[in-house]
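In the two assemblies presented below, subunit A is common to both, partnered first by subunit B and then by subunit C.
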Partner chain A sequence: MNWTEILEFSRGPFFNVALFIFVAGMMYRLVRILLLGWSRDRVPGKGSKLWGSIRSFLKGILILPFIPWVKNTFTKNPITYLAGGIFHLGLFAVIFLGTPHMLVWKSLLGFGWPTLPVPIIDFLAAAAIVAMFALLINRHIHPVMKRITALGDYLNWLLVFLPMVSGYMMTHHLFFRYEVLYSLHMISVNILLIWIPLSRISHFMFYFFSRAIHGAQFGKRAVTP
Partner chain B sequence: MKSKQAMDTFVQETGGWVAAQLEACTRCGLCAEACHFYEATGNPDYAPVWKMELLRRAYEQRFTFSGKWKQALGIEKGVTEEDLTEWSRLVYEACTVCNKCAMVCPMGIQIGPLIHEVRSAMAAAGVVPDDLMKATQNQLQVGSPLGVSDDMFEERLEWITDEWEVDIPIDKKGADTLVVFTSIELMKFPTNFAAIATIMNKAGENWTISSKGREVVNFGFFEGSHEHTVLFLKRVFDAAKELEVKRIVISECGHAYDAFRWTAANLMDVPVDIEITHILAVIAGFIRQGKIKLRNEAHKNGTISFHDACKIQRRGGLINEPREILKILAGDSFKELTPNREQAMCCGGGGGVISIKEADPLRFAAFGLKVEQMKKAGTQSVCMTCSNCRLQFSEGVAHYQLDVKVRGLSEMVADALV
Partner chain C sequence: MVNKTIYEELRSAGYSRRDFMKLCSMVAGAMSLGGVPLFAKSVSVSPEKELTKTVAKALQSNFRVPIIWLEFQDCAGCSEALTRSQSPTLVDLVLNKISIEYHETLSAAAGFQLEANKEHIMEAYAGKYVLVVEGSIPTAEDGLHCTIGGRSALDILHEAAASAGAIIATGNCATFGGIPKAKPNPTAAKGVWEIIKDKAVLNIPGCPAIPEVFTGILSHYLVFGTLPALDSLNRPKTFYGHTIHDRCLRRPFYDAGKFANSFDDFGARNGWCLYKLGCKGPTTYNSCATIKWEAGLSFPIQSGHPCLGCSQPGFWDGGGFYQGQSAPLDRPTATAVGAAAVAGAAIGAGVALNNRGQKRRVQSTENKRAE
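And now, the complex of A and B:
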């Protein structure tokens, strides 16, 4: 098997299988949580749960998590905040607004959208990779992070890091032949796709639950979430 | 055996609401920075995420593949009796369930209520600190965690009635409002007791207290025991039904307000058509409706700050009311502590922590953060709407030898009545 064949396999059948496992796995996780039972809240509210949830999402998605000085408690842990924010920003920009990735989405969904210029995407990707190192080091030295980190957390880091770094090397033609890097990128992406439903990386789905719950809890008490 | 009881409770408590939030946790550790116990000591065990570790482990090992594998492969152990003993200290002595952590969690997880679930498992397994257990037993048998018997209650009431020359109607059937006090107010802050009575009379309210439902504090709720929580709530609800009142007013107690206003209906059948509210909301209502009038800037003791209680402000929603009142009472000498309102830091004594002798060094350490805030604001007097906070402040101010006056807001209102 030569690299061209490996590439064909990893971006063809392997990718399709990984994608299927990812979607099916996440669906399973979702259904499992939904079926665990949700007791009705019988407490009469003071404010609106819906409005609370809307504000909770606006705050969660748009601004506050990325502005450490908004809450003075955040200034005590700027690394997690800034590096965490930059990582997610870079990750989502690359996945959704990078031209090559948009084309993948287009082939899956049937429609595309405008993307960001290469230099901007490139910068965000590099920033995200640097941020990942900051987070890794922080995880290793911060007393709280040391306390709560298990083997799985390092594995999560590694499996997210590999596609990112291989993708970056690929766009810059670093060290290896293009087919080799492309193959490595696809293989690592596939492994990540399979790993996500089994790990905490699935938090992107439960984010919508927890923020809605947060908003409802504060909204019903008429408190800013 | 104990660990099985704890495990069963964990599983029983875990519905979608709990599970979805546990799944959302990314283990970023940011919640630690919100916790006054962690801030004061730097001990990573006090990170809120670590305090709910047992709940997470129980959930994953019972409900998820990855948890089952981890346990089977020996990467993660089950919940053992040693764990219960260790976490009993963490969740009862180093957590006030103030839910400030939820405010900084990027995922918005309600960590406070989840730690309450851990407490429930501890209570089911009987791994509750001795002091807390004793107070609960007191409330079960005598009717008050401080051991106030029926006779003592009557005597004390007579004394307050005489001393402050205020009418306190007892067991008045057909009254509109039932006010339920804490024994902390009765025994330690009688001025507040008298103040609330004076305000109710002045506003012309048709009110009463009950000799049966006379304790608003709920040690079952501190403990996390459903059975006890419901039992103590029921005493007051039964009294309210018997006296045919239209509303129950919780006096200056935070945890009680949370239990009655925001929890009871989900634990038990609560009497319909009886409104549950807090004395702060009632007083603010009186002022808005013009039922009572206050002297402007009646407060003369220099810069005054308001301490936001976790259960009355952040988790109770009564945030603007005290500020409206203080604007009248103190005008420009009212200075906010930072952070404030729903972002405020807990005093360190709530959630039953103050009743556990062993936790004293920890709660005084946590109070150090409040001391810093007061120094920064130049606070000379501080007031609040929770007797539990007030007790912590009184003891904390003495511990740090500060020259700060600690007051209940109702007291200040009563002093300024025209």
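And now, the complex of A and C:
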């Protein structure tokens, strides 16, 4: 089996299987959590739940990341906050605004969108990779983080790190031939896709649920979160 | 004829020594495309000059090498490319004046006469002749999908390969099966190196193979008596060491993120990168971007068309020609994705309901106990 065949396999059948497992797994997780049921919230309504949710999203995504000093999370854990923010920003930019990834979305969804130039994406990707190292070291030396970290967390880190570093090497043609790096990138992406529903990385979906629910609870109580 | 050196052969064909030296420098040029470190290290004069001398010496003393050119499931495109290449002297000298003894399309003779000549060459030059194969070999039903003179391609290939001094597969069909091997591959077509296992088969993939690459390889064989260094797919490293993307003249646009979005937009008219239009340059190993075609005039990407990856194995099934390279090979259908989602949801619901039932049962037993 040569690398061209491995690439064909990892771009073709392996990717499809990984995608199906990812979709099925995420649906499983979602249904399981939704069917856990809701505990009744007996607080008398003072404000709008909907507005609370909207407000929560606006502040959480558009405002607070840019004025971090108002949050306790920042003053107490600046490394987690900054490195985490840079990592997520880089990740989103690469996945949605990198040309090669946009073409993946285009082939899956049927439509595309404008993308950012390679140097910008490249900078953000490099920043995200550096941030990942900062987070790893922080996880390893921070007294609290150390206690709440299990093997699965390191595995999460590794399985996110591999696609990122192989993708970075691929764009720069580092060390190996392109099809080798492309194969490694696709294999690591496929493994990550399978791993996501089994791990805490599924927060990419549940984050929105928890923000909506917390926002609604705060909204009902008419308190500013 | 048999005992003449290549130089004597050319002189008797009416070429002057000056023509001969020109040929030598061209051959040297063709071979040193990727740089020949062996020579560059050992000599103080320019390596090209030294290589020309080596070539001249070799061609003056080496005997001519006959070529048997077999065509199977092909379109004769590689032969066409070779005969119409824009470096006529080199190709003409190397192929017509020096060596070709059997070629179904080019030979003047035909039928039994030609077959008899092939038999004669295979006997007289056993272990010395170069076998060139163009086209894939069908293996289904004992190879009856392609027969020449009543014999199957498989049979002819085995016979010719048995006493060949070197085997060269030219074009994607002969190397990796090419278009005949595309799904569903009704003839079970295979490349030469999948069939001939006991000898090294040099692969010159491409659709068609670049003529200068072919003559370069042949020149190497004429001069050194050996085939050049090969990579894992048996391609000569000199010509297949870099991807099209590495040497592409539109590469700066790729790096700058300037892409043509259609074949007639601002980007396309200004020569921007064709990656979004499905260019396979990043995974395609060939010399198109350096040697180019039509005497270095242009190559597909320069002319505004994305690379199809025609020198890669399975290029015909390697995703849409106009679909971005990074896209998955097969787009999973909405039905399949939907089915996966429904299956996941159903299992989730099943487990959740089961858990609820269990909870209720536990509660009711606890209630009873409390009563």
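Here, the second predicted complex is superposed on the first by the 215 of 225 C-alpha atoms of A that agree within 3 Å, B and C clash if a C-alpha of one lies under 4 Å from a C-alpha of the other, contacts with A are read in each partner's own complex, and residues count from 1 in each chain.
By our rule, contacts are C-beta pairs under 8 Å (C-beta built on N, C-alpha and C of every residue); 3 or more make two chains touch, one makes a residue touch a chain.
A quick note: this is a predicted structure, and the numbers were derived from the prediction, not measured.
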Kindly say whether there is room for both subunit B and subunit C on subunit A in the superposition, answering fit or clash. fit
In the superposed arrangement, which partner chain does A:R211 touch: subunit B (first), subunit C (second), both, or neither? first
Kindly classify A:T80 by the partners it touches after superposition: subunit B alone (first), subunit C alone (second), both, or neither? first
Have a look and say if subunit B or subunit C is in touch with more residues of subunit A. B
Return first, second, both or neither, reflecting whether A:K146 touches subunit B, subunit C, both chains, or no partner chain. first
With the two complexes superposed on chain A, say which partner A:L97 touches: subunit B (first), subunit C (second), both, or neither. neither
On the A-aligned overlay, A:V165 touches which partner chain: subunit B = first, subunit C = second, or both, or neither? neither
Just subunit B (first), just subunit C (second), both, or neither: which does A:R32 touch? both
Examine A:N2 and indicate which partner it touches, taking first as subunit B and second as subunit C; both and neither are also allowed. second
Just to confirm the value: shortest Cα separation between subunit B and subunit C in the superposed three-chain model, in whole Å. 7
Across the two complexes, what residues of subunit A are contacted by subunit B and by subunit C? 29, 32, 35-37
Note: in the complex, subunit A contacts subunit B through residues 29, 32-39, 41-44, 46-47, 56, 60, 65, 71-74, 76-77, 80-81, 84, 142-153, 198-200, 202-203, 206-207, 209-211, 213-215, 217-218, 221-225
Touching residues (chain side subunit B, partner subunit A) in the complex: 14-17, 19-21, 23-30, 32-34, 38-39, 42, 44-45, 47, 49-50, 53, 63, 65-66, 70, 75-76, 100, 102-110, 113, 261-266, 313-317, 319, 338-339, 341-343
Where on subunit A does subunit C make contact in their complex? 2-5, 7-8, 11-13, 15-16, 19-21, 23-32, 35-37, 99-101, 103-104, 106-108, 112, 115-121, 173, 178-179, 182
Residue set of subunit C touching subunit A in the complex reads 232-233, 243, 245-246, 254-259, 275-276, 282-283, 312-314, 318-319, 323-332, 336-337, 340-345, 347-349, 351-353, 356
